[in-house]
Amino acid sequence: MSFLFGRGGAQQQQQQSSLNLTAAESELDMITDLFNRIVETCYRKCIPAPYQDGELTKGESVCIDRCVSKYFETNAKVGGKMSGGAAGR
Amino acid sequence: MDLSNLNAVERAQMEQLIEQKQMKDFLRMYAGLVDRCFNDCVNDFTSSKLTSKEETCVTRCTDKFLKHSERVGQRFAEQNAQLQQGGQGR
Amino acid sequence: MSFLFGRGGAQQQQQQSSLNLTAAESELDMITDLFNRIVETCYRKCIPAPYQDGELTKGESVCIDRCVSKYFETNAKVGGKMSGGAAGR
Amino acid sequence: MDLSNLNAVERAQMEQLIEQKQMKDFLRMYAGLVDRCFNDCVNDFTSSKLTSKEETCVTRCTDKFLKHSERVGQRFAEQNAQLQQGGQGR
Amino acid sequence: MSFLFGRGGAQQQQQQSSLNLTAAESELDMITDLFNRIVETCYRKCIPAPYQDGELTKGESVCIDRCVSKYFETNAKVGGKMSGGAAGR
Amino acid sequence: MDLSNLNAVERAQMEQLIEQKQMKDFLRMYAGLVDRCFNDCVNDFTSSKLTSKEETCVTRCTDKFLKHSERVGQRFAEQNAQLQQGGQGR
């Protein structure tokens, strides 16, 4: 019987462990997704074809820095509206 | 969507799954909204902070998109209901 | 031995349960995907930047309604061709 | 794709997995096709039903895309076979 | 005890089996993804709207063949740079 | 990202998960890079081999993108650190 009881206790630990991992995994996915979107978007905004060479120009580098900064600001602004204002779903 | 062929245990599992998917879909929509409004509104990289013109555009873009999404949801539900009744079923 | 037999029966129930859930989950994913595509497509067709304000205009609202209707019609049309005509894969 | 390092049980599981993925990929292609043909063909929102011009465009778009996809499949298989022989692996 | 021992051995087999399947599944996903990207890209490059009819023209067919060939070549070229040159991550 | 609420077993599992995701993300970036450079550089279908002009473009595109991605990574890490300190959480 203690075998069954022990398994029940192990199951509860399993579930909590599973929840902790799921939460950490979700967070990792969100950060990765945000990073990938910024790479994609800022490339389109700052580095147009045709490509003169394989280095970043000074102008492109500055644009990238400002683009990342503005994207984070936009991300926070939209997030603020969505938690404060009317839900659209 | 017809859940009637699921028993009680399955229905509870499905409801938990729906809840997880709704959260995932909300995050997906939020990320897409930031992306769209940034793409439409932010084109001035002479500074690293949003200009007031860009801020206004982002605010309007967000409002418009959320209302748009709500309206699509209403029309979508109506269309889906028509399909169910028409017997085109799923 | 009944333990093993019972587990076999439970396994069969588990598989059927798993199939039912998988089918329901697939259906949910398809509907969600269709909805997201319509939101994306009809926004592009009906609501162009620049944004005058945060409300939908009358014209935009009517466009959205018709866009959703036409998208469902297109969805059915393509579906009909793909089940009836030659497979392309 | 080399399945020879899998035993019989694994091969059966892989075949079932391939089947599920093919179904998923078919649905993905179908959804993408509807999206593409709608985007290319439907631009007139003065009515809520497709015009006959839009219907024709959607039909042609679907036919063209399916034939295109078939042709790409043939060329893709040839290229893949060349890579296998060339020993470039994958 | 042999029950436990057997289960340990079965677990090891299970893990190896799982790794083999995971590797085969990853390979399948990569090939499928490459195929889908080529279909999408070469359609955009070779088959522009408006659509005169439902058949592929001779010109479109030739374009598709060459597009697939060039895509594979580009895929190999980029792969070569990424394994040989500086990592960007 | 705060892993301090995970015990040792969970941390090991998380580290393995992060490793798998990094591999998956690397493959995703590689595929996206091929797609982008092909789209930007290859427009001449009078032959089935890349022209030398196209080859040069693909090389430059790849170099530029990888340097771009590296720079975004640096700015991203700085922004993320600011958010942590500001107590805006995540």
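Per-chain numbering from 1; labels A, B, C, D, E and F assigned in written order.
Keep in mind that, in the parts below, a contact is a pair of C-beta atoms (placed from the backbone, for glycine too) under 8 Å apart; a residue touches a chain by one contact, two chains touch by 3 or more.
Molecules present, by chain and UniProt name: A, B, C, D, E, F = Mitochondrial import inner membrane translocase subunit.
As the structure is a prediction and not an experimental result, all values here were calculated from the model.
Colleague: If you check the contacts of subunit B and subunit C, which chains show up for both?
Modeller: Chains in contact with subunit B as well as subunit C: not a single one.
Colleague: Moving only between chains that touch, what is the shortest number of steps from subunit A to subunit E?
Modeller: Each step joins two touching chains, and the minimum needed here is 2.
Colleague: Among D-E, E-F or A-B, find the interface that matches B-C: by residue number, over half of the contact pairs should be common to both.
Modeller: That would be D-E, since it shares over half of the contact pairs of B-C.
Colleague: Looking at C-alpha means, what's the farthest chain from subunit C?
Modeller: Between subunit C and the rest, the longest centre separation is with F.
Colleague: Rounded to the nearest whole Å, what is the centre-to-centre distance of subunit B and subunit E, using the mean of the C-alpha atoms as each centre?
Modeller: About 29 Å, centre to centre.
Colleague: Averaging only over C-alpha atoms, locate the centres of subunit C and subunit D and give their separation in whole Å.
Modeller: 18
Colleague: Approximately how many whole Å separate the CA-defined centres of subunit A and subunit F?
Modeller: The computed centroid separation for subunit A versus subunit F comes out at 13 Å.
Colleague: Name the residues of subunit A that each touch 2 or more other chains.
Modeller: Within subunit A, residues 30, 46, 65, 69 contact more than one other chain.
Colleague: If a residue has to touch 2 or more other chains to count, which residues of subunit F qualify?
Modeller: 29, 41, 59, 62-63, 65, 67-69, 73
Colleague: Name the ring's chains in order, please, starting from subunit A and stepping to subunit B first.
Modeller: Order around the closed ring, subunit A first, subunit B second: A, B, C, D, E, F.
Colleague: Can you name the residues of subunit E that touch subunit F in the complex?
Modeller: The touching residues are 30, 33-34, 37, 41, 44-46, 62-63, 65-67, 69-71, 73-75, 77-79, 81-82, 85-89.
Colleague: Quick check: in the complex, which residue numbers of subunit D touch subunit E?
Modeller: Per the touch definition, subunit D meets subunit E at residues 1, 3, 5-7, 9-10, 13-14, 17-18, 21, 25, 28-29, 32, 36, 40-41, 57, 59-65, 67-69, 71-73, 75-76, 79-80, 83, 88, 90.
Colleague: Which bits of subunit F are touching subunit E when the two form their complex?
Modeller: 26-27, 29-31, 33-35, 37-39, 41-43, 45-50, 54-55, 58-59, 62-63, 65-70, 73
Colleague: Contact residues on subunit C for subunit B in the complex?
Modeller: 17, 20-21, 24-25, 27-29, 31-32, 35-36, 38-40, 42-43, 46-47, 49-56, 60-61, 64-65, 68-69, 72, 76
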